[in-house]
Amino acid sequence: MDTSEVIKEVFQKVLKIEDKGKLASYIPELALVDSRKIGVHICTTSNLSFGLGDFREKFSIQSIAKVFSLCLAYKMLGEDIWARVGVEPSGTGFNSLIQLENDNGKPRNPFINAGAIVISDILLSSLTNPKDDLLAFVRSLSTNQDINYSAKISASEKSIGYRNVAMCNFIKSLGNIDNEPSEVLDFYFDLCSLELSCKHLSELFLFLANQGKTMHDNTQILTKSQTKRINALMQTCGFYDESGDFAFKVGMPGKSGVGGGIIAIHPNEYSIAVWSPKLNKKGNSYKGMMFLEQFTTLSELSIF
Amino acid sequence: MDTSEVIKEVFQKVLKIEDKGKLASYIPELALVDSRKIGVHICTTSNLSFGLGDFREKFSIQSIAKVFSLCLAYKMLGEDIWARVGVEPSGTGFNSLIQLENDNGKPRNPFINAGAIVISDILLSSLTNPKDDLLAFVRSLSTNQDINYSAKISASEKSIGYRNVAMCNFIKSLGNIDNEPSEVLDFYFDLCSLELSCKHLSELFLFLANQGKTMHDNTQILTKSQTKRINALMQTCGFYDESGDFAFKVGMPGKSGVGGGIIAIHPNEYSIAVWSPKLNKKGNSYKGMMFLEQFTTLSELSIF
Amino acid sequence: MDTSEVIKEVFQKVLKIEDKGKLASYIPELALVDSRKIGVHICTTSNLSFGLGDFREKFSIQSIAKVFSLCLAYKMLGEDIWARVGVEPSGTGFNSLIQLENDNGKPRNPFINAGAIVISDILLSSLTNPKDDLLAFVRSLSTNQDINYSAKISASEKSIGYRNVAMCNFIKSLGNIDNEPSEVLDFYFDLCSLELSCKHLSELFLFLANQGKTMHDNTQILTKSQTKRINALMQTCGFYDESGDFAFKVGMPGKSGVGGGIIAIHPNEYSIAVWSPKLNKKGNSYKGMMFLEQFTTLSELSIF
Amino acid sequence: MDTSEVIKEVFQKVLKIEDKGKLASYIPELALVDSRKIGVHICTTSNLSFGLGDFREKFSIQSIAKVFSLCLAYKMLGEDIWARVGVEPSGTGFNSLIQLENDNGKPRNPFINAGAIVISDILLSSLTNPKDDLLAFVRSLSTNQDINYSAKISASEKSIGYRNVAMCNFIKSLGNIDNEPSEVLDFYFDLCSLELSCKHLSELFLFLANQGKTMHDNTQILTKSQTKRINALMQTCGFYDESGDFAFKVGMPGKSGVGGGIIAIHPNEYSIAVWSPKLNKKGNSYKGMMFLEQFTTLSELSIF
C-alpha cells in the first residue's frame, strides 16, 4: 500500500464534505480560529513522513496535552500513579460527579478533566519547575524546539474556567489533591494551552508507535509495557463519550482536543495527526473523525 | 516465539498462585462447579492449536454467548442494529439505569445485560425458530456439533432472574423491546446457558481473528469491517467495569462470563480461551485474567 | 368564616379558568374519562359536610389508595414497617433507582410506587384474604359500603404495567420483597383500581383529621401519634415531585392520584376532596391543585 | 397544659440520655466547642418566655442563618426569587449535583448549600452593603443588638471550604450566579458564622409564629402568605436528609445547623430553640432532635 496516496485520496474526499461541526465556543479565544483550516501529517516508524493542507500551522492542542503530562508522571513515578487515578472509561459526563464521590475523589481515568487535574497535582508535587520541566519534556520527544504555551489561550480559559475550578475543589474536598487548587489549575490551564502543528504532533507522538523510544535520538521515554498501556488507555478513554465509537469506526488508540486536533497511533507502524477546528456534538473534530474513519477503512490499517 | 512454550510456562505459574476469587453464587447451579478446574486452549490462523489442563471440559459460558447473538443479529440486519443499542462503554452498573431513562431505553452497548436483552428481542423478531436457529449458527462457526443449551442452567437462572426481569420490563416501558418481556427473557436465559469447552470457544471465535471468515470451510460470517467492529466492541466493553483494566493489562479484545470463562482475540493471529471458575470482585475469572496478563506480557503479543 | 361560602366562591372561579392539564394517557382506561368533570366535597370534625359539582361521581383514585394500604399495615404491624420503607421525600423519579440500589431495596417512602409495592408485599404476608380484607378495612372507615375495585381499571393497568413489573422485580432482587412479584403486583394493581367519589374520599379520610378516630362509630383506627405521622408523611411526600410546592402553596397534608383526585387534611378541622381529571406536568390534577391553593389562601386555613 | 413544666420534664430526661452524637469535625473551630453544653428557650405569641440550661450562651448557628438570608431576599424581591431556586426537598446529597446539571443550575431549595449560595448571590446584587445590611436586618427582628459575625468561624470555614468553592463555581458555570464566586462565598461564609444563643434564636424567629409580624415593634417583616410559605419550606426541607423524619417525629417547621442548634416554629403559637453540639449521622443535633420529639409528644403540640 502507498500510504501517501491513500492520504491524498481521503483528504480530497473529506475536503468536499460539508462541515456540520461547530467551533468550540466556550473558550473565547478558540472561537476566533479560522474554521476552514484543515491539515494532516503522518510519521511512520520506517522514517516516512508526509503532510497535506495546513499541517505546518500551529493550533491549540487542548486535551491532547493530557497525554504528555500523563507520560511524564508515569515515567517519573511508575505504577504508583494508578493509586490516584483509574484506567476505566467514564461513561457520561454527569455521572463522573457521583463517581468521584463514591470513589473518594479518584477519577476514572487520566483523560477526563478530573483525572488530568489529578495528574497535574502529581506533577506539581514532583517537579522542581513544573511549567519549565514539562515544556522541556515535550521538547525532548522530537527535534522541535519551537514549542510553547500560549498565554493568550490560558488566560482566555482561566477567565471562564468555573467548571474546572468546581471540579478541582471538589476533588480537593475528597482528599485527592495535595496542592492548592488555584496552583493546580494554573498549571493545568497552561498545559492545555500548548500550541502545536499536525507535523509537531505526529513527530512528538511517534515514540508511542515505536515501543516507547524516540526515533531521533533513541531515548527510551517509557518502557515497552508502559507504552502499551498508554496506547490501551487512549483506545478506551481518548475520545470522551465517543471513545467506543472511535474504536468501533477507526480502530486505533488516539486522543482528541477541543481545538479540533486528533492524534492517533498505530502501534509499531505510525502516528497520524489531523486538524480541523469544527467539532461534532461529542466535542471531537467533525472532519478529523471522518478523515481517520475513511483512512483506516481504505488502508485497512486498523489494529482490530 | 514458541507460543506453546510460553503457554506452558505461564500456565504452570498461574497454577501455583493462590486463587483469591470466589465462585459466582447468585446462580445456584454455578455454585456447584468444582472451583479447582482450570484450562486453556489457543487456535491460530496458521492452524496451530494447543491446549492444557481442563481444556476439553464443558462449562457454562454465560455472557460470552452475547458475542454469538450479536454476531448473528449483525450478520442478518447490518448497521440497523445500532439504532437499538450503542457502542460506548457503560461506566458503572448502577448508572446504566439512569442512562436507559435518559436515552429512551437504548442500552450503551450490546454486552451489558440491557444490551444483550435488546439484541435477544431483535433476534426473536427476525428468526423463524429463534432457539434452533441460534444454535445452528453457533454450530456453523466450527466443526463442533456437540453444542447445546443447558436446561438445568437456564432453569436455575430463571428461578432467581428478578433483576433481568426488572431490566427487560424497564426497557419495554421505555419502548425499546418489541416482544413480550417473558419471551425475550426465555430466549435470553437459554442463550446464556450454552455449555462449551475452552477448545470449543477458541475454535468458534477463530473467525474473528481471521477477518470474519471461518477456517474450516472458508465461509464469510461477517465482513472485514464488521469483524473489526466486533473486535473493537470487545476491546472497549467486553469486561464490564474492568474493560479498561483488561485493555490496559492484557491489550486484546475479549469477552468474559460469570462461569469463569474468557475468550480473547488477537486480530489476524489467534483466539485463546481460558477457564477458571472463581471470579474477582468485578466478576471476571481471577486466574483467567492473570493468565492472559502474563501471557501477553511474556509473548509480547498485545495489539498495542 | 363560612366555609361553604368560600368553597362556592373558589369553585366558581376555578370553573372559569382554562384547564391547561392533560388526561393521564399511560393507562388506557383513564384516557376515556370525561375531562370536564369537576367536584369537591368537605367534611369537618364538627359534622359539617358540603359538596359541589360532580362530587357524587366515582372515579379511579389510583395512588390515593396508597394511604389506605399504609394505614392498614401501620395499624397491624406498628413501627416495624419502617424497617422496610423510609419516611423521606424522594427527590426526582430517576434517582429512586440509584437510591434503591444504595439502600438495599428500601424505598424512601410509602407513597412512591416502590414504597407502595413494598407495603403491598407486607399486607400480602399479613392478611388472610388480602383483597377482601383491605376492602373491608376501607369500608370500615365510614358508613359507605358501595366501595369496590374496578376489574376494568386493574386489567387496563396490568396490560401496560411494565415499569411496575420492573420496579417490583428490582426490589425483589435486592431482597425487600418476600412474595412472588406477580402476586404482589396483582394486589397492588387491584388496590390502585379502587373507585370512589369526592364524598366518599372526604368521609373516609376524616379520621385522619380526627386524631385517628372514625366519626361515625368512634373506632380508634390509628393512635394519635400514628395519625400525626401519617399526616406528616402526606405533607412531605404526598405529591411526588411537587410535594414541596404543595406544602408551599396549599400548606396541608394531602395525597393525589393520576385519576385527578386529591385528598387534603387539616388536622383537627376537616378533610377535603377535589376531583378534576386533567393533570399538570407533575401528574397532579391541574384544577384540583388550583382549587386547594385558592381555598387555603382565602380561608386562611393552612396549617402553617 | 403548663408548657414550662413539660419543658422542664423533658429537659431533665434528655440530660440523662447518653449522647451518641459526634462534634462536627470538618470545620476546625467547631471541633473546639464544649460538647456537654445544652440549652433550650421558648417564646410564645402570648408573651411567655422560658429558658433552661445554657440558653444564654452564644454558639455558631451555621445553616440556621440561611432562613435569615432567605427572608431578607424574599422581603426585598418577592416571588421573583423562585425563578432562581426551587421549593422541593432535595433527596440525597450526591444527587443534587446531577440535579443541578439537569436543571441548569437551579438548586432544589434555598436550604441546601447550593440554594443558600444562590440566595447569597441575589442579596449581593441587591444590597448596598451586603454584610452590614444583613446584620441590620437580623437585629431588627428583636430587641437584641449584640448580634455579630464571628471572624474566627468564617476564617476557619474558608480554610477548608473546598466543597462550597466547588459548588459555587459549578453553579456559576451553569449560569445561575451573577457575581464572582469568591465574593459570593465570602458573604456566604460570613452569614454562616453568625453567633446567637437559644434565647436570641427563639426571639428572632418568633415573627414566623406571629404571621410575619415582630412582637416587639409590630413590624410586618413578611406578609402572612410569605410567612406561611417560609414555614412550609422549613417543614419540607429544613433538616437535610432528615426532613421527612423530623416532620414524622416532631411535626413542626424547623431548621438545624451543624453547630448543634435547632429552631422550630409552631405557627400562631411559639418558637423554640435547642442547642446541643453533638450531631447524629445526618448532621442534626442528637439531643436537640430528641428533646423536640419528646416535647411535641408530651405537649401534643405538633401541627399535624
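First chain written, first letter: the chains are A, B, C and D, and each begins at residue 1.
Basically, a contact is a pair of C-beta atoms (placed from the backbone, for glycine too) under 8 Å apart; a residue touches a chain by one contact, two chains touch by 3 or more.
Please read all numbers here as calculations on a predicted model, not as lab measurements.
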Connected chain clusters in the absence of subunit A: one piece
Touching both subunit A and subunit C (chains): B, D
Most remote chain, CA-based centroid, reference being subunit B: D
Inter-centroid spacing, subunit D versus subunit C (mean Cα positions, whole Å): 32
Length of the line joining the C-alpha centres of subunit A and subunit D, rounded to whole Å: 47
Inter-chain centre distance, subunit B versus subunit D - centres from mean C-alpha coordinates, in Å: 55
In subunit C, residues with contacts to at least two other chains: 95, 98, 102
Pairwise touch network: line, ring, star, complete, or other: ring
Touch relationships between chains, expressed as pairs: A-B, A-D, B-C, C-D
Partner subunit C, residues of subunit D touching it in the complex: 86-92, 95, 98-99, 102, 108-109, 224-225, 227-229, 231-233, 235-237, 241-245, 247-249, 251, 253, 267, 297, 300, 302-304
Interface residues, subunit C side, partner subunit B - complex: 94-95, 97-98, 101-102, 162-163, 165-170, 172-173, 181
